[in-house]
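You will see two complexes here that share chain A, one where it goes with chain B and one where it goes with chain C.
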Partner chain A sequence: MDVVTLIWLYILGLVRWLLKEAPLQVINFIRSLPTLIPELLKWLWDFIWFNFKPLAQIIVIPGLAFILLFAMIAVWFERKFLARAMLRIGPYYCGKRSGWLQVIADFLKLFFKEFVIPDDAEKALFLAAPVLLPTIPALAITLIPFDSNWVLFDAGGLSLPVFLAIAGLAPVIPIFAGWAANNKYTIIGSFRTAYLYVSGEIPLVICAAASALLAGSLDLVEIVEAQRPLWFAIPQFIGFLVFFVGLILEAERTPFDVPTAETELVIGWRTEFSGVLFGFTMMAEYVSFLGWTLLFIVLYLGGYLGPSLLGVPLYDHIFWMLLKLAVVVVIVVLIRTVYPRLRLDQTLRLGWNYLMPLSLLNLFLTLILKWGLMI
Partner chain B sequence: MAERFAAPIYGVIDYLLTWARKFSIWPVHFVTGCCSPEFMQVSGSRFDMERLGVLPFASVRQCDCIMVVGVISRKMGERVKYLYEQMGEPKFVVSVGACPTGRGPFYDSYATVAIDDLVPVDVYIPGCPPRPEAIIHGLMLLQEKIRKECGFHAGKE
Partner chain C sequence: MSEPEVKPEVMRISWGPQHPMSGQTRILIDVDGEVVRRIIADIGFTHRGIEKILENRTFIQGIVPIERMVMADTANIALGYVQAVEEALGIEVPERAKWIRSLICEMGRINSHLYAFGLQVECTGYFPAVFLWTTVDREVLLDLFEKLTGARWSYSFFIPGGVRADLPEGFRDEVKRAVKYLRRRFQDYWDAMVENPLFEMRNRGVGVLSREDAIRLGATGPVLRGSGVDMDVRKDEPYAAYGDLDFKVITEKEGDCLARLKVRFHEIEQSLNIMEQIADEIPGGPVRTKVPLFPRSKPGVEALSRVETSRGELGVHIFTDGGLKPYRVKINSPTLRNMYVFERLAELDRVLVADLPVVLYSIDPWYLDCDR
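What follows is the complex of A and B.
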């Protein structure tokens, strides 16, 4: 038989199947629906029941709800606190009192606003950057232990270096975003970001290395467990201070917000982002701030460990983590109200001339301490 | 039929949308003249305009509103147009003071223009210079205007 005959036979067979068999199949399927739907529901229930912990982790605490709520509450608190520090009232009429709906109003407005894509921009990268920006710090947050058995992403005892690797990937995105927008202000802003990250990240990594050395482990849970007798903020006080300054520098918050300096560059690498894209870049700032703050708490302030009252330690709980987070955030916002912005060269001098030698000194002191402990 | 069912949904979205736009006006201030001290007072501690959700902003792309404060000469008028065209779509113009509204004391000069010859103006705030209360009143009028006119049904009634 030749090919044409084969094709015709195939088509005829198809028509025969459609006329004779297909209706039967459909009827069978419809008949089995009453049993199928409960089975699907049962499967869904089993899925939720057996994966309850990871689902709760993804959706609630280190995951989506926590990050979004943190960003919203932090923005609202910052605006209100800043206003109070300037003897103003701050957002007031939006929401019945205290302007607690202000952030939601801002987000809705940004969401429904037109966003402009410049003609000269690299469109794919320009649109991808705002999505990638909050995602990468959020990935790093999955490694943080919120309790000794509440870790979303188990990196096999290497969670500290994996955290630093993922968080070290984050500054690449603003650089690409600034380049993709093809505007002189965004280019200058993104290069400033690069300078800032290089000068800030190295002291941070050295401090984290000292902390890991003192604990004798690269796992964040074990680093927290090693702080049970004494929080690491006391044995490595220099590292504590350097990491605190470095975390503000990494999150590009106000004493070091050189890349988004409003009076020099328009608003740095964010200049061309408008509408919902801008909303995502603003969220990314708070997400990366959250990530570094959580690492700071885990490394120096004892993570989920409660303070010990008169030698009697309190229970370990996520609550302690959140309390410490709130305290650190309040202090960082307070710093924003008090200090003006440093220039670019001053920031770089701070990074290379002060933070870097201090972090090396801290590493050296930790080595001596560890040696003394081993003897 | 479809419209009858869709109308309440549109109403809810309209309500949320206009509410959100009303309470987050981010103005870029285009300050060329001496009404600016009064304008600074508006964001100061006595007449706090952040109560209304108005957040002064330095960049144009993210803003919703231009506050034109001060004399607009012919050369500066081009820049107002540029700024207006760089903003995203729901955008408003507030003319603060006598100069942008009607050329003010320089009415007979060859070099000045009124702002409504260049861009569509939403709210005029009179005064030479207007007091901070007047500027806040103007912003509240703008809020009312957004509430009434900035939804999906804008211009249909």
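What follows is the complex of A and C.
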């Protein structure tokens, strides 16, 4: 039999099934509905009941609601704080109190604006990039422990390397986005991103390795538990500082916002994004900032541990994590009001000439400390 | 403008007019990675034919269009034109009017330098606060202008034969109060911005223009004085009341963007001193001599006036043919001369893409002044 005959036979069979069998099956299905619906509901109820905690984690913390809420609150706070410094009216007073209405107005504006796709752009990649951008740091956030048994994705004692691996993917997307937009400013901006990540990420990884070495584990929960007597910010003081600078660099915030420098490159690799696509890239900046800040808190500021008074640690709770997050965010926003932007070469010099040797020194000191403790 | 050919190893970017920092002009840059190999300024992009317009206005009507050249610094520009008209028509100016002119010119200079300072600081990547602070501080001066001239922005206050009105009552005290306020603010700016190490990193050694090059390329104003050349028309050929006033010509040796910023900064301090001196020592007397509404010129008179505006030396050259209107007005504007310097800076010094806005705003461009 040749292929054409086979196709004809298949179509004929399909028609026969539609005429003879299909109505019967539909009738059977409708008859069984009264018994089926309660079963379905029960299954759903059981699913929710037995998986209540992971579902809550996915939806609330550290899942969607937390990330979106963080982005909104961080934007609101940053704009209000800057408005105070800039003597601006809108973001400071809008909505009678505390400028909350300005965030919503901006969100609505971005959401309902027409977005333009340039004629010469690589359309699929251009549309995919803004969606992928916040996703990668959000994936990394699932590895962060918010309590000793509040980890969304338990990587089985390898959570630190997995976090670094996922976060290491992040700069690929801006490079693709800049290339896909097919604009000269975006190209320059995306290559700046690549340079910046290389100079910033290596010191970060070395610092994280030193922390893991001191804790004797690659599991983030165990790293936090190892900080019960003393937060690592003190024995790893150099690493603490280097990681702080590195996280600002990784999150592309002032004074290292080189790839999206407004006065130089319009807005860098984001130039061609408009409307809701631009909104996604804005959110991605905050999500990536959130991811690195949470890792910073876990590695150096004792994660979910409360401050210990006279050797007695206070009640461990997710509250401490959020409080520390707020403090770090306020400090980083404060930095934005004080410093101008560094040039690309100055940023790279900072990364390779200062952060890199300091992080190696930190690793070396940690080795000596560990060796001393073992003896 | 015919665009020069692009070499294969560079990428040409049209830097403006669709760019947050370019202003209403078009600058083509050839970049090789991060390094700017060549700058081509599209001079004439905003040409408005002010010189031609002046030929079709009577001498007094001409004051209004010429003020449109530089809105932030209208006093100095208008003074250049008015002085040339006075020379062409042979009009004497009373002493008190000259002092009032100097006062307004210095206030205009501060106004313009504040704008330039705010923009250059913003270019280094400060969030736009500093620019807004300088804009708010400018209000003090604008209020004074309003009280004196009736307009906050383009006050056609200078006329051939003097100024339109005398100082209002209590104006001298208000000037002193404004000077006191601005001095306090400038101390803040100096501490917060100029002494910030990161700000210094962005500005020191960027866009260096040596003394020889500055003279050779014909730089003027703060750009020239930032390269260590002691030249200021107010000192060299005193006009208005500058012969009787005590002030210093500010120079800096380095010739980089920071030096130009510092020159502007110290010039503001000198201007504040001058304002105080004028408020204390202004002589009495009339503020204008009588001039007919449509003064008729003598045929074949040439008049040239040089004025130090906030961007540099402005020359206004008037030819008359005996009519009610000037036969030809030639304006030599400071920004045009500095734009040529800016174009050459990519060859004289290594300019990166990130430095480009800083270098551009360190010469304080005003494109309408450049293209007239």
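Here, the second predicted complex is superposed on the first by the 335 of 375 C-alpha atoms of A that agree within 3 Å, B and C clash if a C-alpha of one lies under 4 Å from a C-alpha of the other, contacts with A are read in each partner's own complex, and residues count from 1 in each chain.
Methods note: a contact is a pair of C-beta atoms (placed from the backbone, for glycine too) under 8 Å apart; a residue touches a chain by one contact, two chains touch by 3 or more.
Bear in mind that the values here come from a model prediction, so they are computed numbers and not experimental data.
Visitor: Please determine whether it is chain B or chain C that touches the greater number of chain A residues.
Guide: B
Visitor: Tell me which partner A:R79 touches in the superposition: chain B (first), chain C (second), both or neither.
Guide: In the superposed model, A:R79 contacts chain B only, not chain C.
Visitor: Answer with first, second, both or neither: which of chain B and chain C does A:S274 touch in the superposed model?
Guide: first
Visitor: Identify the partner contact of A:E262: answer first if only chain B is touched, second if only chain C is, both if each is, neither if none is.
Guide: both
Visitor: Which partner does A:Y339 reach: the first (chain B), the second (chain C), both, or neither?
Guide: The second partner, chain C, only.
Visitor: Using the superposition on chain A described above, determine whether A:G99 touches chain B (first), chain C (second), both, or neither.
Guide: Touch status of A:G99: first partner only.
Visitor: Is A:K184 touching anything from chain B or chain C once the two structures are fitted on A? First, second, both or neither.
Guide: In the superposition, A:K184 contacts chain C only.
Visitor: When the two structures are overlaid on chain A, which partner does A:K113 contact: first (chain B), second (chain C), both, or neither?
Guide: It touches chain B, and chain C stays clear.
Visitor: With both complexes superposed on chain A, which partner does A:P91 reach: first (chain B), second (chain C), both or neither?
Guide: In the superposition, A:P91 touches chain B alone.
Visitor: Considering each complex separately, which residues of chain A are in contact with chain B in the first and with chain C in the second?
Guide: The answer is residues 86-88, 262-263, 266 of chain A.
Visitor: Quick one: in the complex, what on chain B touches chain A?
Guide: Its residues touching chain A are 16-17, 19-24, 44-45, 48, 50-53, 55, 58-62, 64, 86, 88-90.
Visitor: Within their complex, state which residues of chain C touch chain A.
Guide: Residues in contact with chain A: 11, 13, 18-21, 31, 34, 121-129, 132-133, 136, 196, 198-199, 201-202, 352-357.
Visitor: Given the complex with chain C, which residues does chain A contribute to the contact?
Guide: Of all residues in chain A, those touching chain C are 82, 85-88, 184-185, 188, 254-255, 257-258, 261-266, 336-346.
Visitor: Would you pull the chain A residues touching chain B in the complex into a rising list?
Guide: 79, 83, 86-94, 99, 101-102, 104-110, 112-116, 262-263, 266-267, 270-275, 278
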